[in-house]
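The structures come next, written out as structure tokens.
Look at the two complexes coming up: subunit A is in both, with subunit B in one and subunit C in the other.
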Partner chain A sequence: MSKEKKVKKPKGKLGKLEKREARAGYLFIAPWLIGVILFMLYPLAQSFYYMWYNIRITPLGTKFIPVGTGNFTQIWLENPEFPKQIVTYLWQTIVQVPIIVVFALMIAMMLNGKIRFKGFFRLIFFLPVIIVSGPVMNMLVDQEAASIPAMNIQSITAAFGTFLPQSAAESVGEIFSNMIMILWYSGVQILIFLSALQKIDPALYEAAKIDGGSKWECFWKITLPTIKPMILLNAVYSVIFMSSNEQNELINMIQRAMFSGTKEKGYGYASAMAWMYSLVVTLVVLVFFLLLGSKKDVYDRQVKKRKRAMKKEARLVKKIERRGIRNVKKLEKARKKRKYRTYTGESDY
Partner chain B sequence: MKKRFLVSVLLIITMLATLAGCGGSKKTSGPSGNVDENGVTTDEITLSFWHYEDETTVTLLAEKFMEKYPNITVEHRVIEDMSTDLSAAAAAGNFPDVFEGTDSDTALANMYWADISEYFDADPENENLMATIKEYGLGCFDTDCRFAVPMVYWPSAVFVDKAVIEKLNLEMPRTDWTWAEMIQLIKDATVDPGAGEMKYYGLGYYNRLDSLYGIAACASSERQIKGEFGFDGDTFDLQYWAIGEQEFSDLKLAGYVAPQTETQEMEDWTGDWEAWFGATGHVAVFSEGFWTYMNIWAQDGYQEDLGLEIVPYVTPNVVDEPEHNVIATMYMGGVSTSCQYPYEAYLLLKWMGWGIEGWKARIEIYNDTSITNASGVPLKHSTMPTPITLDEEVWAGYKALFPGYEENKVIWDDFFANITRPVPYGWYNIAGYWNFCDQYFNKIGIHDLVDKGTAKAADYVEEATEQANYYHAEAMISYFGPNGYDVLSDEDLAKYQAVVDSFTAQ
Partner chain C sequence: MKATIKSKFTKEKLHRFVFGSKEKEGAGKQIIVYGLLICIGFIYLYPILYMISTSFMNRDDLLDTSVKWIPSALYIQNYIDAAKSLDFWSSIGKGIAIAGLPTILNVITCMFIGYGFATFNFKGKKFFMGLLIFSYILPSQVTMIPTYVLYNDMGILGSLWTFVLPAMFGNGLNSPIFILIFYQFFRQVPKVLLEAAHIDGAGYFKSFVRIAIPSAAPAILTVFLFSFVWYWNESYLTEMYVRGLSTHSDWTNLVIQLKNFDMSFNTLAQVGDTATNLNESVRMAATSLSILPLLVMYFILQRYFIESIDRTGITGE
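Showing the complex of A and B:
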């Protein structure tokens, strides 16, 4: 039996060319590394340290007064605004993310079709990405440009209020009043869906058509399963975007707490708030992952089962082979010790 | 390969250059110790001044200061948000040398202000300031040290429209009127002519009457009220506030108070959603900010066009006392703890705030109406403050700046004579006051509840008083105790600790 050997890299010093290539590689990723260390890992560690202290930044230096879990108890027990905003955030995210993802998919499918001025329309739908990423969005919201004037929000809220609790009805009304803004959050998601749609093999659609599949069936059986990972990606992207943009009241609350000069608040209090909020965001992402995470279809399951069976079979063959070798060795040993003889043909068998 | 290497090096250099641009703060060498005969440094120095005033006015004032002290350069900027701007500056190490504050809790909690007692007490000019500044220790925050001085002052004022009083055939009130007389005038001047004609309202308000009443609530012999909510320098007593709060809400509910801008009531009354009651000619008494007179009513032709004749009255006292306190907007200013030239900074503070020379320079600037600010407004019409010094020359120049002064000289003179005992709103002068409002008072929405008639102000007195005393005591320990400035005596610390303990034990 021949045994496959892994090809190992020869040990020893790198060559001149390899060294140079490695150096260039490190140099290329150096800006990213510096960025991550300076603007992510360091602030992350710093805020983790800060959250156990009451911090006063005086003109003569920073004073750290240890408070243990004081910041947390203060946030949950003495700041009714924080839990209230967390609930609002959860509710809005759960409702708004599906709206954004579905809208983005619809637009992406339209842009992927055979239409005139495709490039122009793609530009139009991507434009809000530039607008919402700056202070312009705040100005537009202040000018009430984020709502549809013809939409009677009060009536919608009242209608929902007939079968929902008042706070839930108000949240729904809020979503309708910010409908334009929600749809404006779809720019990047449209692009992601568009690229996913363009990668679907047209042969699949052709085969489905030959088998008599309608467009509706093609969408459900080909398009949707193929772009499913992108739905998860877009949902996660939307959650992260909505959790960290300037319109998010919790972000503003943390910012206000950070720069608040009152003795209870400040950097320590804001850090504790930020860590708790990031835990909530992580949980939301986890929920979306569990809901939209890839569950293998029947075909995938069968393939996996077959692979498992083949592996099992291979293991069995190896086992038999090993047993055979062992038996041969045993026989050989016994023969050497003359514990048995082979038939020589001299007498009866 | 060479090309790739160069590109990557370039990327890193660009990034590092960007990072370097993020930080950076000015570095100054320490004081040399060389001073002139007045004790002012002879070093070439730069002082930074952050404030809330009109930018053009302060630029001109700074220029005049620099003319007097040629070796001192003054850099100034307008504060947009005190908390954010100052905490960011402290974190970045470029804290201003001198600044005005609208929220003393922020300044004290973070030890922004240095103790300037040494300079203030030794300055003979400070003997001639409005009496309450020394008497009540405004800027000392109930300690023996002076951390701040009132810089910018606007008295509370009650304006009366003479034209409306005449139209309604009412008597003009006497200039040393009482609280009851003001309430009676508000009631008498509320007239609904009917037949589609606009209603006359007795009161149009910017400041709620409870704020005014809190200071004017009783005779000084009964309680020496030094601040809002019946604060006497030691404890609060909100029963005084509650009477004013209830009276004001009752007036609102009974229809004596004109609607506010951008309300349905305003549209129903004037036909204009955005109208302001002060421009209707149908309101008799106004509890407006003092700056409203110069900023709006005193503009050329404004009163003539609308048929108004506005005159100021002092906020009346409940008891008929010839001399009484008035509530005031007073920005506190101080020298920062990181300032390397505190005496020079004190001189700048005085110049920009209460100093006679500074005020003379101001009046000269205000008199030149050809100088306008960025909005094209002559500087005296851009939220001009009131002098804190009692210097006669300054006051003569100041009074002459008011266009309506000569026509109603007696009323104006009486008004000015009666505003010399200012008591600032709580957040300027009481430690812990803002925390109390932010974390308790504003959260329970007392004003709304009482205004709607769903609650009585008196119901909150006991609890609110306890809360206010607790927040004040806790702030005093935190700001001035061992973890803060450390200027309280053991006796004082024990006193405040007892209040905190008794509150937390409940």
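Showing the complex of A and C:
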């Protein structure tokens, strides 16, 4: 990618070959483009349209009754469930995603060493990916098979409740009670980390060792910066996975609202909910992007800074030059004028 | 004097034994690592073990507090009853159809699209990539309602078309991930190969079929496996579109059957077809039955699952 960038293409019309290539590219992604328009952009726009209406399905056809912001006021002010669930969702993702990522990283680091039965352990840690589906998880949670035995959840919740707000303490308690499930969600992440760790050049570690770096320092200075993009990837993956998982009460709520026969609910109401929900999810992803987004490394940044400074200097030089030329011209003009005047004056003498 | 030196010496030795030296990992560290791995591995397996052990218990065992893990007798009636109310064999067949067909389409179209993104330069490529990632981040709930209406208008609600159609256009379940996998993979195919093919007179499509596809076997396998598993485990959208929440067509898979297990079991029990009452053993038996097909598949194809992420090079080179 970077190589391509360095070669500056002359701007202007595309050549014949390039044109043909571009056409082929469009042809190859054409199905996706159609799909995106048909199954994403169009529904997105339509649900945006829906959410300002109360939609009723009558035997005569669907009726659209404009309600303005009525759906929103109803969701936020009259029905206490949605705001509550949103808050719980936020707390859960904020707490669970870091747990998942850190846990996955830990396991991956342990598996990355010289370990016997590595394949066996990987087999176990990847197993949940195969099994996790909403109903199976619901069954297991109902039977309390998802909590670590001999863990007193009530006391943990109470302990957290002393210094955290109620909703936060509750979600922390829930996390402890469903600890296994959170660990179960990290199967793919472990593999991603593992394969990233294996691709780190061992020469880096050797060089660090020769320079007297301890393992602790190696981890912070080499491992972590190298796999930082993977951390972001895993965090985003976890967020998306958790927000589309059936364990998430919110998406079930949206479905229920969609098919509920009551007067005020229905497609419009559900659309409004879904829009707000997706806004929240996007915001959470954005927050993780901002937190973990790859800043260029120090060297790159300095190079960029220097380049910028040089550009600025060049511009300044040019400016001065231009001003100089202008000044010279002005001076000449003035001198000419004066010369003329003086000349005339002299001749007058 | 001598004694202190000696004791120091042994201390050092002990230190080296426990914490290891530069060449060798210390025994202490190894014990900790293995201990942690085994503990966490057990925690990982705990729900499954619990499920299996509970599923073989009869009612007396469930009530008996002295029976914790090992049931007093292998009680298979649970499984028989659970299979009956899950409608096991027909659900498996339908589940394979529901997961398999969209998966095959997913593989084909995502390969196409990924190749298009990876090899060609065209205007707006960056924008389209951004759109691709955005379509992954966007929860499906927001597009769900109009899509449902659309399917309803098209009259395909409650049929397999509702999954096939989006998959055909590269918008199936988790398609963005698969497109990205193929994109990453095809970027590693040397351009020289494709150029050579062009010089020899192959068109874009031909070079795709002849060069890119044969080299993409690992990516194809990965996408196939993941797509299959995800489609198999999807209950929310399947219940909504393929089954049709209001129409209730015959399409179903094991996961949906499990979701509605209590109800179907009770109706069966009223007819008098079952030998046991609804209890947690039966539920656990049903759960084990519903994950059984994928477990079998996993243990047969475990190598491909585990190495999948390595092979596709999604973590970069």
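The rule is short, and it goes like this: the second predicted complex is superposed on the first by the 251 of 349 C-alpha atoms of A that agree within 3 Å, B and C clash if a C-alpha of one lies under 4 Å from a C-alpha of the other, contacts with A are read in each partner's own complex, and residues count from 1 in each chain.
Keep this in mind: a contact is a pair of C-beta atoms (placed from the backbone, for glycine too) under 8 Å apart; a residue touches a chain by one contact, two chains touch by 3 or more.
Remember, predicted model here, so these are calculated numbers, not experimental data.
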item	value
If touched residues of subunit A are counted for subunit B and for subunit C, the larger one	C
Which of subunit B and subunit C A:G212 touches, first, second, both or neither	neither
Partner chain(s) touched by A:S260 [first = subunit B, second = subunit C, both, neither]	first
Touching partner for A:S243 - first (subunit B), second (subunit C), both, neither	second
Contacts of A:T58 with subunit B and subunit C, given as first, second, both or neither	first
Partner chain in contact with A:F28 - subunit B first, subunit C second, else both or neither	both
First, second, both or neither for A:Q46, with subunit B first and subunit C second	second
First, second, both or neither for A:L38, with subunit B first and subunit C second	both
First (subunit B), second (subunit C), both or neither touched by A:W275	second
Subunit B and subunit C footprints on subunit A, overlapping residues	21, 23-24, 27-28, 31, 34-35, 38, 258-259
Subunit C residues within the subunit A interface of the complex	22, 25, 33-34, 36-37, 40-41, 43-48, 50-51, 54, 109, 112-113, 115-117, 119-123, 125, 128, 131-132, 135-150, 166, 168-171, 179, 204, 208, 229, 232-236, 240, 245-246, 255-256, 258-259, 261, 280, 283-284, 286-287, 290-291, 294-295, 297-298, 302, 305-306, 308-310, 314-317
Touching residues on subunit A, where the partner in the complex is subunit C	18, 21-29, 31-36, 38-40, 42-44, 46-47, 50, 107, 110-111, 113-115, 119, 121-136, 138-140, 142-143, 145-146, 148-149, 179-180, 183-184, 188, 191-192, 194-196, 198-199, 209, 229-230, 236, 240, 243-244, 246, 251, 254-255, 258-259, 267, 270-271, 274-275, 277-278, 281-282, 285
Complex contact set, residues of subunit A against subunit B	20-21, 23-24, 27-28, 30-31, 34-35, 38, 56-60, 62-63, 65, 78, 80, 258-264, 266
Subunit A-touching residues of subunit B, taken from the complex the two chains share	1, 4-5, 7-9, 11-12, 15-16, 19, 81-84, 86-88, 90-91, 95, 103, 105-107, 109-112, 336-338, 434-435, 438-439, 443, 475, 478-479, 483
